[in-house]
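Down below are the structures I want you to see.
Note that chain A is present in both complexes that follow, paired respectively with chain B and with chain C.
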Partner chain A sequence: MSLLEVKDLTVTHRGKPIVDGVDFELNRGESLALAGESGCGKTTTALALMKMLPEGLKQKGGIVLRPPGVEDPINVHRRTETGMQVVRWRHISLVFQGAMNALDPVQHIDDQIGEVIRLHERKVTGKQVKARIDDLLVTVGLTAKLGKRYPHQLSGGQRQRVMIALALACRPSLVIADEPTTALDVVMQAQVLQLLESLREELDLSLILISHDLGVLAETCDRIAVMYAGRIVEIGSVETVFSNPQHPYTKRLLDSLPVIGGRRGLAPPIPGGPPDPGDPPGGCAFHPRCPYSTDRCLEDPPPVEVGPDHLAACHFSPWSSWPEVEPQKVRVDA
Partner chain B sequence: MRESGALKLLTDTWRGRFGVAVILVAVFVSIFGTLIAPYEPEASSLDVLQPPSLDHWLGTTESGADVFSQLLVGTRVSVLVGFAAAIISAVLGSMVGIASGYFGGWTDRILDALENWFLVIPTLPLMIVLARLLDPSLIVLIAVIGFTSWAGTGRIVRAQVLTLRERSFVERARALGAGDGYIIRTHILPNTLPLIFASTVLIIAVAILSEAALAFLGLGDPTRISWGTMLQNAFDSGAPSAGAWWYVIPPGLCITLLVLAVSLLGFLYEEYINPRLRRES
Partner chain C sequence: MSDGVKTTAVDPSAGEDLMAVEDLSVHFRQRRKVARALDGVSLEWRRGEVLGVVGESGCGKSTLARAMLGLQETAGGEVTLHGNEATGKKGLAELRRRIQMIFQDPYQTLNPRQRVRAIVTEPLIVQNVDRSEHTERVRRALGDVGMDPDRFLDRYPHQLSGGQRQRVAIAAALVLEPEGLICDEPVSMLDASVRSQILAVLLELQQRRNLALIFITHDLSLAWSLCDRIAVMYLGRIVEQGTAVDVIESPKHPYTQALVTAVPVPTAKGREDRELLKGELPDSTRVPAGCRFNPRCPRRFEPCDKVDPTLIDVGTSGHKAACLLYDPAAAEGGAPAPGYSDTSGEPG
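What follows is the complex of A and B.
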């Protein structure tokens, strides 16, 4: 049984879709990567899973959570705001983007973690809270002493660890991490990813990792969902998607990754820019930038099963081989 | 590091030293002025409009009272009105600013319109009208000045709260079901206090000046001596044209010194919370 089931999730802004019919499932202990360019709807999808969308965005579609130890599945899409307050952080929690903004500059770390616990468990005593905070700080690789500090007294990596501790404060079964490693140097990135990885095993967490850094995702996740213009264009296990991409967008994205020992110089960039969220081109949203597009691409492509547990939303998948791209065939009108 | 930075600005710059010294003296005199004063401040004598002498260090008034004693006793009103009015203005300004920034929507529109109205209307005429309508007393003076000077603070606070309420830590608390009162108390207010404080310090200076202006126009508390009423009495009795400079210059100079000291400290504090303003030194 899957831990999280998302069915036809759609988020609209004034009737225009920002996220358009996203489906996926996530098993217990599994980690899923959400990849894609800025503005493709990764963060919006994550916020919709917790019903934390900013005002003006409306969400539709089914979100069902089956946390271990809870009898009835939680129908997130039918919960009211008050109903969601019990679910957030207890079952699904979020590591916010940008550690600097996510911590209150005038509060001790202890108080900020304690706040999450107290808001959830009103009867908990001060001693218990303190013990749990110390525990959490140690779990994320910090010392309990750091709880007495202010955010500005911590390094970027330490702050990111505090953010993870905040997410774990109420022992959730699913953690969504939104760009947890941006703004960190490479060494820190590796450490934070390692931490997430070990926490996942230790605490039997499921993880949704949002990033545009494919290298980061490949290292950490079991499965990957590539998003483009609010839709998942390809989803599958990290190994299959990376070794055998089945959507032209994924293919081009992977081609743009520099390979150590590979050819010198950069790969040809994907022409054009990302489409306007909310007003994507009709049919396959990638067609204006796709070197292989034909008139058929003006129709919506259905997700096709191209392998075991591997879906791609392209009219021409499965691709047995990728034709060489002639540069002049690339239409840059997006 | 930051903690010592604040003290350093106070002790290592001439502006800090001057400001602290003047304010300490003013506060001391406003508490003990009645005890130090060599004469009854309003006791009249036959020595009318006498220039400074050993008996009367700063000369005498038109009714023969000691100018120096009046100056000492008058400090209390200036200091009291300055601080009390600034506190009223800070409380009003931060309440309106936080409510309008945090709640947004119609609350914001109405409060913002009110704020604009108070910002645009010339403050002194408004104060004069209000002070005229009510019986002049110290409380009325404080209330009128506080009530007309909060709009600037409100504006600054509102802008800060608008950015604060979108921060993730506020969003997180809200997502977990924290009430508005809780969020304002634990997150919004502590993050706005430095700004409130900075603008309040500068309002103290404005309040001291306003008290002097109102008193000079005869709208002060008639039962109390202040630097403003001293100036009013001096002008009413024709002291400047009689060449009685000792009656006019001391209260004027005291007002200037105190306002200068408060302003300097206000600017220093602004530099402290906004290091971009700090000069190369």
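What follows is the complex of A and C.
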């Protein structure tokens, strides 16, 4: 049984779709990567899962959560704001992007973690809260005495660990991490990723990891969903998608990435830029930038099963080989 | 690679220096402490060469770039352009005409109240280029970065995307037809597809005009794929330098080795085994005694906290590393231990 089931999730802003019919499932203990460029709807999808969208955005579609130890499935999409308050953090929590802005600068770290625990669990004593805070800080690789510090007294890596401790405070079964390592240096990034991975094993967590960095996702996740203009254009296991991409966008994106120790030089870039959120070109949203597009691409491509548990939304999938692409003149299209 | 733009094959052991810095130091005073942001850096940048300067934030890579252009007061050392020392009003003006710089954040480097035309023209005014040439040169610079002048000359920065802004910044740097361009994290704020476009623009210029490039970056994969040579910085010093292939494929300094293994690889297999560095980059007001990397080094041995290693040859074609593992003479006590110096009393 899956832990999370998302069906036809759509988020609109003044009638324009920011997220457009996203479907996926997530099993217990599994980690799913949400990849894509800025504006593709990754963060919006994450916020919709927790019903935390900013005002003006409307969501539709089914979100069903089946946390272990809870008998009836939780229909997140039907919950009211009050109803969501017992779901957030108890069952799903979020590691926000940008640890510096997400922490309260005038509160000690332990007070911020304690507040979360007290808010979500009514019957805890002060002693228990204190013990839990110390425990959490140690779990994320910090020392308990750092709890007495303010956020500005911590380094970027330490703050990101505090953010993870906050997300774990009420022992949720699903953690969504939105660009958890973007502001960090490689060494710190590797440390934080290793931490997330070990926590997932230890605590049997499911993880949704959002990043634009495909390297980070490849190393941390079991499955990957590549988003473009509000839709999932390809989803499958990390091994299959990275070794055998089946959507031209995934293919070109992977080709354009520099890989350390791999081929040197620069592959021909994808021309143009990502479309404006909510205003994608008709049909396959990637068609204006796609070297393989034809008239057929003006129609919506349905997701095609291209392999076991591997879907791609391209009219021409499955691709058995990728024709050579002329290096396009690099021009600004927008 | 069959279909890509090739990086140039500049022979790394030969070539004339475009710029060189010798024993360059920059100190920042913080109340009674002194941060040694750059602590004796020597580096050559050859004509037409793509040089990568890599390291974690706080290692001094941006300070190095600023000091090279005379934007930062130095505490010692010298900067030369074509072998001549670049000091004084005249020397600096010459330096800044021949060497240009672009920055990380294309949202903050462009004046929001100026149109693209004014932004790209400004360097020409500053350098007293004849007015009759302005229009022509501005249009050519925009064309060089792949922007249609007729469409973009009259736009304001807020009417441009992130990638377009970075192109405008590059155009403004190119309009003086420099010989070298220092790029400080030029693409780290851009999305993957836009990022490779900007890099393609820079590399095309490098090839067509023999424009020398410095990429200052924390992204080792980027340095690997584009640079002829790479210098690795740690806490204000260069700890390893050499051709990109030498430094990335056979790193010698334990710090470089750790950096290379920390890079996530976007392949199906990923990286299986990895030994991560513990701890974080120390504060540059408290540089550890001996080798500055020794408190975090997995391969430290007895003299590492006493002897400060210097860059020595560890291979061919200029591959150098500053590590006692490769310098048995110094490790046995040949070099005097500089020791931990509390720099609080230093005049500055």
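Operating definition for what follows: the second predicted complex is superposed on the first by the 323 of 334 C-alpha atoms of A that agree within 3 Å, B and C clash if a C-alpha of one lies under 4 Å from a C-alpha of the other, contacts with A are read in each partner's own complex, and residues count from 1 in each chain.
As a working rule, a contact is a pair of C-beta atoms (placed from the backbone, for glycine too) under 8 Å apart; a residue touches a chain by one contact, two chains touch by 3 or more.
Predicted model only: the values in this text are computed from it and were never measured.
After superposition onto chain A, the partners chain B and chain C occupy separate space and fit alongside each other. When both complexes are overlaid on chain A, the residue A:155 reaches chain C alone and has no touch with chain B. Seen from the CA centre of chain A, the centres of chain B and chain C span an angle of about 70°, rounded to a multiple of 10. In the superposition on chain A, A:85 makes contact with chain B only, not with chain C. Put chain B and chain C next to each other and count what each touches on chain A; the higher total goes to C. When the two complexes are overlaid on their common chain A, residue A:191 makes contact with chain C while staying clear of chain B.
Residue contacts after overlaying the shared chain place A:145 against neither chain B nor chain C. Using the contact criterion defined above for the overlaid structures, shared-chain residue A:243 touches chain C, although it does not reach chain B.
Residue contacts after overlaying the shared chain place A:212 against chain C, while chain B stays out of touching range.
Applying the stated contact rule after C-alpha superposition, one finds that A:115 touches chain B and leaves chain C untouched. In the superposed model, A:257 lies in contact with chain C only, and not with chain B. Minimum C-alpha separation, chain B to chain C, in the superposed model: 10 Å. Chain B contributes residues 167-169, 171-173, 175-178, 186-187, 190-191 to its touches with chain A in the complex. Residue ranges on chain C touching chain A, taken from their complex, read 1-7, 56-57, 146-148, 152, 161, 163-164, 167, 191-197, 199-201, 203-204, 218-222, 224-226, 244-245, 248-249, 258-260, 262-271, 274, 276-277, 280-281.
Partner chain C is touched in their complex by these residues of chain A: 37-38, 155, 157, 185-191, 193-194, 212-219, 238-240, 242-243, 252-254, 256-274, 289, 324-325, 327, 329-332, 334. Per the touch definition, chain A reaches chain B in the complex via residues 50, 52, 82, 84-86, 88-89, 94, 96-98, 101-107, 112, 115-116, 119-120, 166.
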